[in-house]
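Labels for the chains are A, B, C, D, E and F, by order of writing; each one numbers its residues from 1.
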Amino acid sequence: MKYIKISISDKVAVVELDRQTKLNAFTRDMWREMRDALTTINRDAGVRAVVLVGNGRVFTSGVDVKDAMAAMDSISGKAKADVDGDALQKSIQIRAYIEEFQEAITAIEKCAVPVIAALHGQVVGLGVDIACACDIRYAARSTRFSVKEVDLGLAGTLQRLPRITGNDGLVRELAYTGRVFGAAEALQMGFLSGVSSASTRMSAFHMAMYTATAIAEKSPVAVMSTKKILAYSRDHSVAEGLAYTAQHNSVALQSGDVEVAVRGMREGRKGVYRDSRL
Amino acid sequence: MKYIKISISDKVAVVELDRQTKLNAFTRDMWREMRDALTTINRDAGVRAVVLVGNGRVFTSGVDVKDAMAAMDSISGKAKADVDGDALQKSIQIRAYIEEFQEAITAIEKCAVPVIAALHGQVVGLGVDIACACDIRYAARSTRFSVKEVDLGLAGTLQRLPRITGNDGLVRELAYTGRVFGAAEALQMGFLSGVSSASTRMSAFHMAMYTATAIAEKSPVAVMSTKKILAYSRDHSVAEGLAYTAQHNSVALQSGDVEVAVRGMREGRKGVYRDSRL
Amino acid sequence: MKYIKISISDKVAVVELDRQTKLNAFTRDMWREMRDALTTINRDAGVRAVVLVGNGRVFTSGVDVKDAMAAMDSISGKAKADVDGDALQKSIQIRAYIEEFQEAITAIEKCAVPVIAALHGQVVGLGVDIACACDIRYAARSTRFSVKEVDLGLAGTLQRLPRITGNDGLVRELAYTGRVFGAAEALQMGFLSGVSSASTRMSAFHMAMYTATAIAEKSPVAVMSTKKILAYSRDHSVAEGLAYTAQHNSVALQSGDVEVAVRGMREGRKGVYRDSRL
Amino acid sequence: MKYIKISISDKVAVVELDRQTKLNAFTRDMWREMRDALTTINRDAGVRAVVLVGNGRVFTSGVDVKDAMAAMDSISGKAKADVDGDALQKSIQIRAYIEEFQEAITAIEKCAVPVIAALHGQVVGLGVDIACACDIRYAARSTRFSVKEVDLGLAGTLQRLPRITGNDGLVRELAYTGRVFGAAEALQMGFLSGVSSASTRMSAFHMAMYTATAIAEKSPVAVMSTKKILAYSRDHSVAEGLAYTAQHNSVALQSGDVEVAVRGMREGRKGVYRDSRL
Amino acid sequence: MKYIKISISDKVAVVELDRQTKLNAFTRDMWREMRDALTTINRDAGVRAVVLVGNGRVFTSGVDVKDAMAAMDSISGKAKADVDGDALQKSIQIRAYIEEFQEAITAIEKCAVPVIAALHGQVVGLGVDIACACDIRYAARSTRFSVKEVDLGLAGTLQRLPRITGNDGLVRELAYTGRVFGAAEALQMGFLSGVSSASTRMSAFHMAMYTATAIAEKSPVAVMSTKKILAYSRDHSVAEGLAYTAQHNSVALQSGDVEVAVRGMREGRKGVYRDSRL
Amino acid sequence: MKYIKISISDKVAVVELDRQTKLNAFTRDMWREMRDALTTINRDAGVRAVVLVGNGRVFTSGVDVKDAMAAMDSISGKAKADVDGDALQKSIQIRAYIEEFQEAITAIEKCAVPVIAALHGQVVGLGVDIACACDIRYAARSTRFSVKEVDLGLAGTLQRLPRITGNDGLVRELAYTGRVFGAAEALQMGFLSGVSSASTRMSAFHMAMYTATAIAEKSPVAVMSTKKILAYSRDHSVAEGLAYTAQHNSVALQSGDVEVAVRGMREGRKGVYRDSRL
């Protein structure tokens, strides 16, 4: 991979966005790599938590506008070369482009273990979408955020942000105006779970690693079950969520992890859990 | 119109509640006018944002109890005059009354462009419902709010408030007790996006106008697409929301606004967008 | 009942968890009693609000692990005694155990009138679930909370917490790590509606009683309608919620409570409402 | 009205499609008239059933292709005249055109009382959609049907047909190929509730009138409640349908119609019901 | 029990409606007994199929109108005795009455094993509802059916009939007119799975017993899983149904029944399965 | 590919099941090949319809029991080899196995163009599932069907069959008993769209090819839009289906196919459409 770096140690995988000369702006190649990175990690039962971080000065400045415009031009070009070059054909190709892009972001959500974002510098447009697909978000004190899509004349994918912050009015203000907001406001609205006291990339990274390490010591079955149940419950009624939990736990309670956990609790020491994937 | 005033300038429409002698209490005629005002504005592609404000001492003291009681009496009267005057007939007429009322509020939500509430003085009962149907809410420092329906022996229409604040416990406390709360608490719970430092009607109005003006300079296609996608996503699963966004954007990206936006960005100046309606 | 005490006065029922020697840890018998207590109260139209409180040093330390392990062993034993002792049979029995447990908690939600939690000391695991099923939560200043299930190697029933706090990232952090959090953080995230200035059990209890008493003076039809509409709206689209409200209110407005409320309002004194159940 | 005729007698309204020189092909004006006709009838509590029939040689030959093409050309023309004439603008106008068309058909479904189609000659494209929105369909023996949209290069609105016939494979065959099918096959698949022994328009009309008259003698509350419950239940789970029915009937049973019906039953004669609208 | 008889032999339970002097018309006591009968059977893992049959001349003539009117009068009486006797109180009591009635019917659907209806003579009103909650329906040749509720001035509970027959037009015709239809038409529309060549009660009973016996020899896990999956799938999308099936089968395939079935298949003889309940 | 053969001519792809020595019983390798075959075809815009047929004496005898048992044994073996070999691990692996299997069948449904099944000989278990995922089904006169899963002690994936036949009672009878049914009954219940007069494989194949060829001459945009709209509408309410259709058609009507179709209609000859994919 060219733009994404993966390193794994002590059961925590670190995924680095690494296109520093362009402020980690996302090209099509780059989000494909991100999707592949997450998919690879998801297959490795040895990984129990993931930290996502940007190398260089910022987390990401968002989509690489030049690359995106080239893609749009290519779609228009293909359509025009066509005898019957029509709006439907164009829309089909644009849709495929968008879906691939959504799929790369959703790969974070589909990762069986928690993904924790360590944010710094700028988190713009697509960057906010990526952060929203993560389970937990920490940021350096000076990080600046923007739901920037409105300034490109388009609507971002705003499915997750309202569910994360539970503040509909603010989400609308940010999305309609594209105004910049800081880490303090992001914390206050619930977008962040913590802000580091320093402005450096490493300060946010350490917060993320701290939580990732704590998670990595817990029962993988318990952690992955929790992620699965939360994902299901978000999109179903409370009654359906309860039924799903009962069905899931009726088998999960037959896992070895429960035994390990209870023994550990009795003996007053941490349980050592087997690696696994749900 | 008698109780509602509309003025449009610089692509922002201002809708004023104007029944000052009665603290802008809503009669049936008044909410019909509000519905018509929003419908009219929605047809005018030249309007890109709306500010809703109350004239006089308060935003609104809620429903006009005398007018509502007269309506109920008339329904009962009609039912009694009837040979078989029965509870079903009465309920059908009450339901029609309620639905008309809901429709007037929903007209705010159905307006293609953002509607911003500038609140001051009192925002009571129906006033909270109206504010909830707006996209963004600002208030003067001394504004006092109350989910007052419980004191009329009935349940308000509580669909939107929990989704806006994301604080279920507080919503219940307010709705069960009808207790008064101030702007600071309303800000803290996410009901407001900002509180002005003064207590005057104008201080809230200026906050609303500031945001409305900022929105009016953005791409109308982007802003309206955002409102549409947020409305759809609120009531669907994340996966369905993403599919809807992909389908919508596959056409919206063929709009002239994207071109204007990107050109503006390259040339370092604001784009000038065409008026339109989605 | 052995572990649950009920007392009713001035239309407020107080339900006490009373297994003090075990820090109110829940056995199967105890949650059955809690379910029965709520069911009994629900049938008594004279009760207009409920306060749930723990006796002794803490609200509850969660599930009684010894009791739960005995239940699991008994299930395994039965399965092994079986000629064909299989995973399906075991899962069916575990599921029945979980469902009974969920049902006890849901009994709080199904109670027609508001249930208010007065929390102190510790609120752990199952205790958080119970608190989430209540309408409103108050806590003493020093109360310590923990979504502890992860340390038992299993996933809790996380349907209600995200809907109450509207802060998805924090919910995940708490559920993945099981870390302890205090009353101040719980208030900030919207889990609590208030924190008492003292650390005592009574300080939280008085806050709860204050609100319960206020609710008990309101129209029961209005309060119960509000609870019913909020429950329905949580699991349906805004449009469906509005339709439900219109249908419900078309009959509820034919109740005697509206008349009492309006007369009281006109005459400047509190209405005296009839006891009832929806 | 120019293309639609309404006559009412003995509580049954007859709506005639009357553009005989063009085989009742639908122009925009004509479906607007049909929508208005149904809306008018729906407001008249004296009408208890509706029969929809086509004058002349056929029920309808479908959409008037010339009129539709003119509409499309006008949309394209407007778009081209535009400086930034774009695919989004065009799609917005096409969508408005389609929605108006759908609304005319849905007006049949929204009519509070049953609408019965009397079909003869041809029932093509849009004609099948219209018939599907009716409650019950009868046809003359020689009637020929076709889901013709595929031959215009587009997909019809296929929401209702699969729910009516319960035969997914056949619906697909008809929609993919546009092949003609006769009344016998239509009866067999459940699209029709009856086929007359003759081929004349009047033979189908009499079947429809027979059922309409039978319905007009029944309790209007019962008939309208049935239509409402069926519509709700089609789009909800069985459990939600049952809850809706219980809520609806808890008021409907307080209607005068029940008393009339039971008295009639006891006295061995038909009850005389009051006109009403739900 | 007074009106319901249960007998069990060879793993098939037979439930008899037995109020012959009143043509098995259902009183409140009788449907409570039916609910209890099904609940009792559901707890007996030895029962693998149920046959429901009416003793005497008919399956059932529907609700006992006298008993129902007495219940309504008692509700009205209670309401009138009340100082504030109002439509809401009345509707709450009627609703409780309806829900109890629905619950008795739903007990058939909730029975873990298939319930097969053997119909003869008349199946009227409530009788059709009961038959619809059964898994499979057989009838004697001369049986006469009627969706009779319209003649009582009310709407039946029409959730299940359209899903069983897949013929929306016919269901509406029957429900709007209450007309009588015979076994041949019921077979043709898919309401029945078979019609006996004779008109006697026993001829239908034998058809039902034949199928019940065949089911009783199959794997109980397979049969109960099938019933559960069909119930879930009816009310969910295909994708959700598939996910549910995968989750269910991932445990069900660990049951002893699969082993028994495969061994039996290999050895060319019927497997002998253990009694169980899902 | 070893077990699946593909041939394409005149825009129709023929997919042959070809494991004749084993009566086309499906192994894991075979359904993977089927999935890949459909995926490949779906990418080839030149294909406008697919016919699925079995080579040799039967369409398919269902799952290859030996292969399935080996898979289950391997899963058990892996689980046992494990130190903590537990029911959860086993269920995770079984679930992955089932999901892969479901995915192969769903590949038929996801194919953009219609897939038509030509059935003969036997169609057992998995074969019924495969046929249900096809758009249209034809069969030779002597074909024998069976929903056989019950005889393996498990529940089949019964999502699609009830939606295809609209006959709930019959589906249950077939699934609970596993009894064999013939082509005539399958036609009557709506599972088949046609039965050939002969018993040969070729007689069904020709029926399928006739329809496939007819479809291949139609507008691909219209045919694929129809398939897409039907799939969406099956799982959504009528109102949501109508909204989806309006949105889809607002772009599809800007396709070249409409122009070709209308010109062809005017000139009285078949339109020649461009190959495409939605």
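By our rule, a contact is a pair of C-beta atoms (placed from the backbone, for glycine too) under 8 Å apart; a residue touches a chain by one contact, two chains touch by 3 or more.
Fair warning: this is a prediction, and the values are worked out from it, not measured in the lab.
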Equivalent of B-C within the choices A-B, B-E or C-E, defined by over half of its residue contact pairs recurring:
A-B
Specify the angle of rotation obtained when superposing chain D on chain F by their C-alpha atoms, rounded to a multiple of 5 degrees.
120
Taking the mean of the C-alpha atoms as each chain's centre, how many Å separate chain A from chain F?
36
Inter-chain centre distance, chain C versus chain F - centres from mean C-alpha coordinates, in Å
48
How many angstrom lie between the centres of chain D and chain E, each centre taken as the mean Cα position?
33
Specify, in ascending order, the residues of chain D that touch 2 or more different other chains.
87, 90-92, 163, 165-167, 190, 221, 234, 247-248, 250-252, 254-255, 259
Given the complex, residues on chain B that touch chain A span 114, 135-137, 163-167, 190-193, 211, 214-215, 218-219, 221-223, 225-230, 233-234, 237-239, 241-242, 245-255, 257-262, 265, 271, 273
Residues of chain C that touch chain A when the two form their complex
65, 69, 72, 87, 90-92, 94-95, 98-99, 102, 106, 149-160, 162-163, 165-173, 175-179, 189-190, 234-235
Residues of chain E defined as touching chain B within the complex:
87, 90-91
Residue ranges of chain B in contact with chain D within the complex
83-84, 86-89, 91-92, 221, 251-252, 254-256, 259, 274, 276-278
